[in-house]
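Which chain is which? They are A, B, C and D, in the order written, and residues in each are numbered from 1.
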Amino acid sequence: MVVVMEERATEEQIQHVIAQLTEMGFDVHRSTGALRTVIGAVGGNREADPRLVEVLDGVHEVLRITEPYKLASRTFKPDGTVVAVDDVRIGGDEVIVMAGPCSAESETQVNTTAAAVKRAGAKILRGGAFKPRSSPYSFQGLGEAGLQMLRGAADAHQLKLVSEVMDVSQIEQVEQYADILQVGARNMQNFTLLRELGRSRKPVLLKRGISATIEEWLLSAEYVLAGGNQDVILCERGIRTFESYTRNTLDISAIPVVKKLSHLPIIVDPSHGTGRRDKVAPMARAAVAAGADGLLIEVHCDPDHALSDGAQSMFPSQFDRLMAELRIIAPAIGRSICLEPVARRGWGH
Amino acid sequence: MVVVMEERATEEQIQHVIAQLTEMGFDVHRSTGALRTVIGAVGGNREADPRLVEVLDGVHEVLRITEPYKLASRTFKPDGTVVAVDDVRIGGDEVIVMAGPCSAESETQVNTTAAAVKRAGAKILRGGAFKPRSSPYSFQGLGEAGLQMLRGAADAHQLKLVSEVMDVSQIEQVEQYADILQVGARNMQNFTLLRELGRSRKPVLLKRGISATIEEWLLSAEYVLAGGNQDVILCERGIRTFESYTRNTLDISAIPVVKKLSHLPIIVDPSHGTGRRDKVAPMARAAVAAGADGLLIEVHCDPDHALSDGAQSMFPSQFDRLMAELRIIAPAIGRSICLEPVARRGWGH
Amino acid sequence: MVVVMEERATEEQIQHVIAQLTEMGFDVHRSTGALRTVIGAVGGNREADPRLVEVLDGVHEVLRITEPYKLASRTFKPDGTVVAVDDVRIGGDEVIVMAGPCSAESETQVNTTAAAVKRAGAKILRGGAFKPRSSPYSFQGLGEAGLQMLRGAADAHQLKLVSEVMDVSQIEQVEQYADILQVGARNMQNFTLLRELGRSRKPVLLKRGISATIEEWLLSAEYVLAGGNQDVILCERGIRTFESYTRNTLDISAIPVVKKLSHLPIIVDPSHGTGRRDKVAPMARAAVAAGADGLLIEVHCDPDHALSDGAQSMFPSQFDRLMAELRIIAPAIGRSICLEPVARRGWGH
Amino acid sequence: MVVVMEERATEEQIQHVIAQLTEMGFDVHRSTGALRTVIGAVGGNREADPRLVEVLDGVHEVLRITEPYKLASRTFKPDGTVVAVDDVRIGGDEVIVMAGPCSAESETQVNTTAAAVKRAGAKILRGGAFKPRSSPYSFQGLGEAGLQMLRGAADAHQLKLVSEVMDVSQIEQVEQYADILQVGARNMQNFTLLRELGRSRKPVLLKRGISATIEEWLLSAEYVLAGGNQDVILCERGIRTFESYTRNTLDISAIPVVKKLSHLPIIVDPSHGTGRRDKVAPMARAAVAAGADGLLIEVHCDPDHALSDGAQSMFPSQFDRLMAELRIIAPAIGRSICLEPVARRGWGH
């Protein structure tokens, strides 16, 4: 860290700061300027709290010079990480689309939706069996029965499956069915959960908390990485701002920022990011144009009767049109959105 | 809810909205104005998602007319709730101060601090054994050993004890030692945890999430109340805004707002709310002046060497001075901050 | 507006509300439900302050049912407005790019930059002669000399010109040189200025205030429209959030939202929206993919020596590459970015 | 500033940064650490844009080490400024209360209200003749006639007068009537206006912009100070956050922060800060408890019929009660709220 002393700081105050920094394990460099003394402190441990120095007498400001995360940083690993689930590679040239219902509701609903998203070019089925709901009176998901439906539909349509895990107690069960374990925005700082997921062999899709800074998000990824699980996919899903017309403000600029700071792949969830079906397509296009590695989109075979989030779920026909638009946009930045040979045949019918 | 149709909405669109509302279980009242049709929908279930109507053709806007919470509302229970831990009553005329270290670090640290806060007039000892830390490399707490130290110090100094529980797996243990179970800001929407705490017989201190609206906060309280635990204390601890000089922006106005919407007691944590020791006293005074039922304050016998949050922990002498200031302020709004006879004797030494 | 009474509201309180609404000029409809009374108020005047009812005894909530703006709304004018400056049409099928330096600094700088942006396909030159700067010690612009340089360069390269007007006293001068008058974010609610611009015959480019809601932005447009000037172009340029890595958070979702609420064209300024050159291209692509009618981009022939905003100004070669990418993206949503025949010839050299 | 290079920065990149800093007029100190090179740059000019260095290759981060303001800082002037209007001293031991209607509406309204606030202990009458309104259709103030009414009432009741000036063109007129010139939140960055007010001999009350950082606010004060007017009073009036229950979030913590950074007095406006009458008293008490030098409060003799902001205006009886509460709180921090001998007599009637 760099400690900037006040212009009127006394020599005694300066010495006190130097002593504190030394005690904290730092190597100290002092620069005495005409107006101010500036003290550089390097080495030391990553988690030293700069505020401990900030409150000392005579200190004007303390500036941190390293990110508090390491394994998640591009400095640590310059090449981008590709998270692979068999032949589906997130973080490669192909933009990977994950789509499906908010919650699993019935065999028919899951299967019909899976067929539709596969046909349009999605590679991964999304769907929840455990739902975090802000009201205790809302539909809370089907649990294991939902996971069975989702796995069945994924297999029937050659899709991979991503599903949410809300608590440590659910990990073992969700791991049996899903290919990717999703951590929801409200759990981004559930550190007990993150630490356990660090021991899992399945990739983790980590949503950004609704008011998390990018640094906090990468620190949460660090919990998983530090536990030994290198397969973390970041997912931007909207941040909370004063604007109330949209449910959240989808932070598209997080895409290029994360790409610079970290090697981890980043995808975007325009469904939660906007909360309204008619805003999903424009924001999905924007995400791909800005360089996202993938999308997570809610599609429902009958959104008007969905048990949760119907208002932000696309109709299959809307999703088809969106995928066609994305296929035009992706090449502008050297990416592609593939259609499987099988799917292309299905498309012809 | 109230559905406002667009000026150019067709009769067919209006009928479609009415049908949807009826299917959702609402009684429907239609007002056909010169310019617009407005449809009132009452009854129905509390958790109906207004966005399902919002996305229908011809709908201009949907306005919700009831809070989605019930047990937490003052409509449901007009008289203020008093949460009692033996003779310590939170929500009564006395402003209750909870103080102590961020984390339990050693017997000596916990005992020295407990003695100091008791002497100054605190009624409840605070201290953590399980610490949620944004970095995996930071000190994570002493676990059960910390709880034992805290309980010992609380008993030795006739204080009650509040301590944080981070995960369902820790509830049983923390319940054995603490009188009040604290839910941290990052766990405000850990619904699995909230649901379990609804079954506990110990009061729950529920911190507001860093970007939670007051409505979401009351909905989280509803999870605990709906589980059968009526003893919930709300704790404002700062929200995230664009201002970066303070760690968070302590939302003092949440105090009168919560007092109007809910019967639950509300206390304020100015230590996390500001993140800096020199801002704690002014904000603690402001909280009491605005009508808070209590305070949660970090005090450490040696803040410069605290293992966590030292920068925002008060020295015991600062805490003494603050308590003296608060004793002047509280009567302005008909409240008091009592000194125990024993404490008053100790004060004389 | 719709007034929702408390469940325990007395008949006297209800009558008082009805009397107040009647006095305010509203037609009143009362619905007495099992639990609550809801009072609908229509007609009345657009500017009636709902808070006057909100503070009455027994009132639970007041819900507004109409936007307070009229001329700016799509309800008032369903077809999209095209703002034309000769043959350059903003709001039509073509995505219009406005580019140039932050400030006019010298003849050479302005001319070199104008030539570069014209060659790449821009239709309008941007550049400031009066600069609003947060510090009184920063470069404040060249004034009329700057306007002369900008007009000269625009004419020499067959570009139109947009330039900022900061105060009523500058309108007459800027009107003589510029084709479009820009109102900066900090002046979005300078109502004296907006009212005067309502009398101008030149189109107005109205930037969104840094923390303005979309409703407030449209109300500011209403000031200009109500004054008789129908040619208003809205410009999203980033809002202030807690995220500090980017200077602002560019709100891409404002594009589809404004398109739904209003008939006015909307363009995006990714230079101020991100504050960093390396983030401009991804965000420009995102804006076009989301449906923006145009872009406002800072390009400088020598950004390292720019007198203002050099860090967010693109090099001409970066701008060339961006324009090529945008030409791939625009067709995905049925738009185009044209190259002039002349420019295309120039390109070949 | 301090430039932190990336761990993998080349010697060539480091030399390029040093050259750029030298060209910008800085003295450069280089520290080559084991992992990173850190470059300290002192001297140089206050307005140098750190982003110009931030975008250079190999640069990890640039940290600014001085505030961009000078005259407003406590470093420049360690003793607190007292702004005196005759014998009314803002920034001294007495907490000064400014109260009155949002807008002047009629002689009777202004006089009745002035009499009431004087009797309760206010020293300064507030009231607007030029009103900035977000809608062009709202009441815009009485102009000079309003100023005359306000001056008359102030004189009749031995009060000083504060009134808003919205535009350079209004300064001369408002100066003739008011003792203190108010700059509204929306004009906090109207630099043309601020610069002109720097030439005025009347004190300036500068409201914080609705999303202004404290640094930007102090920079706006710097515009006035740099123009030669040393009498600036800062006024916190609420910032915009995601919480929508209150109109704004009154940032009480800005009081101790400003007190540390600047020598200027700071007062608080709880009327705009909350937007609701029933929240004004708690927040006014909180402001005084936190150390505010004064308050700006809307009081109206008949709030239900106010032409603007009636919902947030107090009844005179509520204001009386508040003043009594404040007289208990102020001594807790060594302040007072005086009653004039005359007023005390009046009080007895």
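Operating definition for what follows: a contact is a pair of C-beta atoms (placed from the backbone, for glycine too) under 8 Å apart; a residue touches a chain by one contact, two chains touch by 3 or more.
Source: prediction; values computed, not measured.
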Revision key, fill the gap. Ranking A-D and C-D by C-beta pairs in contact puts on top C-D
Check your understanding: Which chain has its C-alpha centroid at the greatest distance from the C-alpha centroid of chain D?
Key -> A
Check your understanding: How many angstrom between the C-alpha centroids of chain D and chain A?
Key -> 39
Practice item. Could you please state the distance in Å, as a whole number, between where the Cα atoms of chain A are centred and where those of chain C are centred? Key: 30
Practice item. Let me have the rounded angstrom distance from the C-alpha centre of chain C over to the C-alpha centre of chain D, please. Key: 28
**Study point:** Junction residues of chain D, two or more chains touched
**Key:** 211, 240-242, 244, 278
Check your understanding: Which of the residues in chain B come into contact with chain A in the complex?
Key -> 20, 45-47, 49, 51-52, 54-55, 68-69, 132-139, 166-169, 186-187, 189-193, 195, 210-211, 216, 219-220, 222-223, 226, 240, 275-278, 304, 308-312
Revision key, fill the gap. Chain C contacts chain A in the complex at 211, 213-215, 239, 241-246, 249-257, 260, 273-274, 278-279, 282-283, 285-291, 325-326, 328-329, 331-333
Practice item. Spell out the part of chain D that touches chain A in their complex, as residue ranges. Key: 2, 4, 6-8, 27, 29, 31, 33-36, 38, 40, 42-43, 60-61, 63, 65-66, 75, 78, 211, 240-242, 244
